[in-house]
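I have a structure I would like to understand better, so I am pasting it below and will then ask my questions one at a time.
Order of writing sets the chain letters: A, B, C, D, E and F. Residues in each chain are counted from 1.
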Amino acid sequence: MLVVSAHSADFVWRAAGAIALHTRDGGEARIVSLSYGERGESGELWKQPGQTEENVKRVRHAEAETAATALGASFEAMDLGDYPLHVDDAAVDRLAELMRDFAPDVVLTHPDKDPFNPDHPVAYTATQQARLLTSGAVVSAGFRTAPPSEFLVFEPHQPDLCGFVPTVFVDITPVMDRKLEAMEAMGAQQYLRSYYTERAGHRANHARKVTGRPEIRQAEAFQRIIPNVVSAL
Amino acid sequence: MLVVSAHSADFVWRAAGAIALHTRDGGEARIVSLSYGERGESGELWKQPGQTEENVKRVRHAEAETAATALGASFEAMDLGDYPLHVDDAAVDRLAELMRDFAPDVVLTHPDKDPFNPDHPVAYTATQQARLLTSGAVVSAGFRTAPPSEFLVFEPHQPDLCGFVPTVFVDITPVMDRKLEAMEAMGAQQYLRSYYTERAGHRANHARKVTGRPEIRQAEAFQRIIPNVVSAL
Amino acid sequence: MLVVSAHSADFVWRAAGAIALHTRDGGEARIVSLSYGERGESGELWKQPGQTEENVKRVRHAEAETAATALGASFEAMDLGDYPLHVDDAAVDRLAELMRDFAPDVVLTHPDKDPFNPDHPVAYTATQQARLLTSGAVVSAGFRTAPPSEFLVFEPHQPDLCGFVPTVFVDITPVMDRKLEAMEAMGAQQYLRSYYTERAGHRANHARKVTGRPEIRQAEAFQRIIPNVVSAL
Amino acid sequence: MLVVSAHSADFVWRAAGAIALHTRDGGEARIVSLSYGERGESGELWKQPGQTEENVKRVRHAEAETAATALGASFEAMDLGDYPLHVDDAAVDRLAELMRDFAPDVVLTHPDKDPFNPDHPVAYTATQQARLLTSGAVVSAGFRTAPPSEFLVFEPHQPDLCGFVPTVFVDITPVMDRKLEAMEAMGAQQYLRSYYTERAGHRANHARKVTGRPEIRQAEAFQRIIPNVVSAL
Amino acid sequence: MLVVSAHSADFVWRAAGAIALHTRDGGEARIVSLSYGERGESGELWKQPGQTEENVKRVRHAEAETAATALGASFEAMDLGDYPLHVDDAAVDRLAELMRDFAPDVVLTHPDKDPFNPDHPVAYTATQQARLLTSGAVVSAGFRTAPPSEFLVFEPHQPDLCGFVPTVFVDITPVMDRKLEAMEAMGAQQYLRSYYTERAGHRANHARKVTGRPEIRQAEAFQRIIPNVVSAL
Amino acid sequence: MLVVSAHSADFVWRAAGAIALHTRDGGEARIVSLSYGERGESGELWKQPGQTEENVKRVRHAEAETAATALGASFEAMDLGDYPLHVDDAAVDRLAELMRDFAPDVVLTHPDKDPFNPDHPVAYTATQQARLLTSGAVVSAGFRTAPPSEFLVFEPHQPDLCGFVPTVFVDITPVMDRKLEAMEAMGAQQYLRSYYTERAGHRANHARKVTGRPEIRQAEAFQRIIPNVVSAL
């Protein structure tokens, strides 16, 4: 599983449960953060006198690494800058090359629309582009390819204002403790911890509605971008 | 698995493979046809001199039963009339009662839009209504309920003109012989046999594109109406 | 050409030009009005003391007939009542029977959505239903059919609030005098005359934008509901 | 303000704050419930031995009345039955007549789509129909009219699965105690109390995002169905 | 209020009324034009023999300034070139910096889609980007921010072909004389003066439909991109 | 007629019939390929030992030229590279200049969305941009213009996953032999020949559904991006 995050904390709030389930089942999960969110989403750190961008990045890197470790995943940052995030051709190529090496079964990233964030759609576009450059036209291509991966986007902060329509709920009840631990690692953003804990409870309510299974207590929502293939319904 | 078909032949062209896979794996499949399509879709039979509506229905019932048997499924008809199909409250109740008794895991029917067919959207509406009356609000209700089922629509004849966007492909390669046998049972409609055989090949091409797996030779396309819940990605 | 109008004046404002062009070129045009709009859209007439519903209908019939005549078309009314308009199965059958007899090449009616009018979407639904019952599944059916017709909706009063997206502009410059004459026949609704005269000018501006042809001075906008077939682009 | 609720509890979870603000400012609010939700949404009551439908309705009426009183509003029920709710022409007429008498400035009801509830879209359709029959075509009509009202839908339980896109947030911080009191009156549904309390917090977070105003602690979300008119931006 | 216009005349046709109302009420309005429309929309000027691009810009600047003055607003041009308009990162930064300084309550610009104009969507994208870079994630950010503004797009020339759905009408009756004066300042484009005068009348008709208020004689239409927050309905 | 193809083979599968009809009727058709698809869609060629990019391009050019000749059209390649295709401002200008010189009546290209191909949307964007820069604002502009052309997109490989909704079917029965010949010229891609031959049969089935004309045996589907103008319905 490959998770592409615009800023270094995004994967925690939106996909920590799905990541932890994947690694619990023996899968490998790599988190690639395009930026640290050092300018736009690190306000608490900037309140400290004498703060520098380099130090903010260092702290954010450490936090994200701790969170990733709690989920059994690895974390790496491309440090491309935020607010605005720019992903040039070379960076897309790096991402594509990483996909060819890693050959993920599943790729997760942000939705393509967010009227509240300038960087999330950029992450979507770069990830989709890299994924298509990786798989080619699925005829043998004139370059190295990897098998096509499942491609999903995780839930944005205001889903109904971002065109996000969930198509699959993941029952994260068994790994909710891991998600809590990962959220705990995100130092400053206390409010988001309760927000996303409550949100996991709401999505579980929705998942109970579609299954009738009362044992689902926490869930995460995802939207598939391309159909998946199954061997039976 | 419960399949609700507007006319007695619809389930064959669009979902025979998924049905056959379900029964091959030990599942039970019931096909409920709301009408026989005796007026609008039995033109060949009406060319016979002296043809009567009762006889058309009899022939259509026999054909559909043969096809269902080939798929390991049972067939029953509600005989509500076609062109136009009307499903009144009592008929919705019968369908809901059937769902409560059968408690299907998966319900399949037509999409809610078809600018070329007056009856297909009626089948969708009746099926959705019956399904909701069956599951209640998923709090204990003042009537008998069944657990919520997965709910998908199968591919219409002109998908891009019916708002159909596939979200899942089913690899029907292992049971394509069954689908061919079921299509063979549909006496008159020779042209549709080659149409849907070719279509299964095209959908397999699409399924290969999203998986890279060359062994998929035939596939069927479905669209989930409500999200499903999984234990991991 | 068959034009199905919810109320007896609708065809004038939205399609008079297309009707006049059709009859000018030797075609036959029949206008069927489902109601007279006697309650909801005849406010001026109701201001007259002692007014009765029967008299309102009589006046509206005469006005519509005069307008139709100006366009070279015939007018007939089904008198089904307005605000709300109800089209029951028998009325749909009458409409379908009329289509089978008349076998129109083109059918025009209202769009399927109008948050400002309760009757326009009813007219759409009835027309679409009758049209599908007329053409059958385009295999020989167990009932009398007519060849499928082109199917378009005309421009509603507030297009961008009704989901109306024009797909074809008709250059009505050569018959604008006929449209003016037809509008003149609609006694009371003076304001609408200038509104729709200006509107025809605006649509001509749009039609000039897509063709560069300065001689288009008035136009009407339509949206095709189903694709048309051409012998070349 | 007129609030049309499919079941007798809906107005509490989704619009209690907006109602309380309206009455606090001197406005009058009437809540009309089309049914009691006696079959589909009263599971807790049905667990009591010897329970009857009449008694369930009695209890639900009392609860809703208490809740309405806490919000400064009146409550009335049309008792049309639920699961499924049917609103026939006579009931639409009663609703339209009520609108003509009351002449509300604002009408609130459910969205037009809900894949989890058979009755909510019925409430939307009936309310929209009644509203259009009330206002006529805004030319003087042949029947009694009331001035057009603002028309909004409140947030459904799973907004992103119901096509709900909020267009206005109401800051309900000043009346959150009233909403809590109204929710308290809804005897059995403890879980929903925390769900909607948390939801009010989340919507406040979204409202803070679009205003920057930290004093918003609770909010409700609505979607306008038709544009509103303002005297300046 | 900040109005971002792709070419120097756009603000006049689509938002002059809203601007004049804002300044009449004591607000400050700044109009920023990204280009002069010197190549694509100044055809009349280019008919003069010996015309130069510099002179066209000079004339267009003077016209826009006169129009802005008539509306009580200031006008400035970024002179980025048109057909095509390119807004690079530095220009987005200038726009963002201007927003931080000015801290507008309301931002107006073009919609994000226009199949008839290459520059209007570019203006949308740049404005949205600058706005998001200005407000940050609404947690204290590592850069200077301004409070989030209301964000609306004005009506394009062919609204129903640009995906434009009005969500708010502004009654510009009291300042229509100002809009006429501003339009008068736009030397060459006589045809557009009558087009947009008529359009204001049509939008007033729509605004009367949703309010029943006959005194609205001219209106402008806008679409909110993000929800607004109100203290009561 | 101008056809803009992302890779050198695209025009054959999707538009060969429409091209052949156009030239059969005396029209001129130019095919401009932005790249050769030398990396992403030439897998068969890359299987040859010692293959080089230059040689792949040479072979692809020859194949495309043979195909174009079979259709009576000319072929030219801009050789901008594929996977990813980049069309910079200079390339858009070349395309616009070509449009000004050629002044096509009809422009065909790819749809704007393709979740399976990184280059097709790029071709759409470049073509639309060039087309708008060619026609200007349809007032006399400060640069050389050509009259506005009809603008359509051809069918992508998976239409229902690309947002493609056909609005016009072209009956290519009379020129199907030309299309077969053109497809034959595309050396390696045998599978696509049967795929698109079957597809032409399916689209003919759809075209028969909307016309009732049994003589249509092969068809191609297109979607108009902007309305067309007709002199009568």
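In the analysis below, a residue touches a chain if its C-beta (ideal position, glycine included) is under 8 Å from a C-beta of that chain, and two chains touch if they have at least 3 such contacts.
Labels paired with UniProt names: A, B, C, D, E, F = PIG-L family deacetylase.
This structure is a prediction, so every number in the text was calculated from the model and none was measured.
With contact taken as defined at the outset, subunit B and subunit D are each touched by A, C. With respect to subunit B, maximal separation of chain centres occurs for E (centres as means of Cα atoms).
Farthest chain from subunit C, judged by C-alpha centroids: A. Centroids of subunit B and subunit E (each the mean of its C-alpha atoms) stand 52 Å apart. Between subunit C and subunit E the centroid-to-centroid distance comes to 36 Å (mean Cα coordinates, whole Å). Within subunit C, the positions touching two or more other chains are listed as 116, 161, 166, 206, 209, 226-227. Counting only pairs that meet the touch rule, the chains in contact are A-B, A-D, A-E, A-F, B-C, B-D, B-F, C-D, C-E, C-F, D-E, E-F. Listed in rising order, the residues of subunit C touching subunit F in the complex are 1, 18, 21-22, 24-25, 106, 108, 135, 138, 147-148, 150, 152, 166-171, 206-213, 216, 219, 221-222, 224, 226-233.
Per the touch definition, subunit B reaches subunit C in the complex via residues 38-47, 51, 53, 56, 83-84, 86, 115-118, 161, 189.
For subunit D in complex with subunit C, the touching residues are 89, 92, 128-129, 132-133, 136-137, 139-143, 225-227.
By the touch criterion stated above, subunit D contacts subunit A in their complex at residues 116, 157-161, 164-166, 191, 195, 198-199, 201-202, 205-206, 209.
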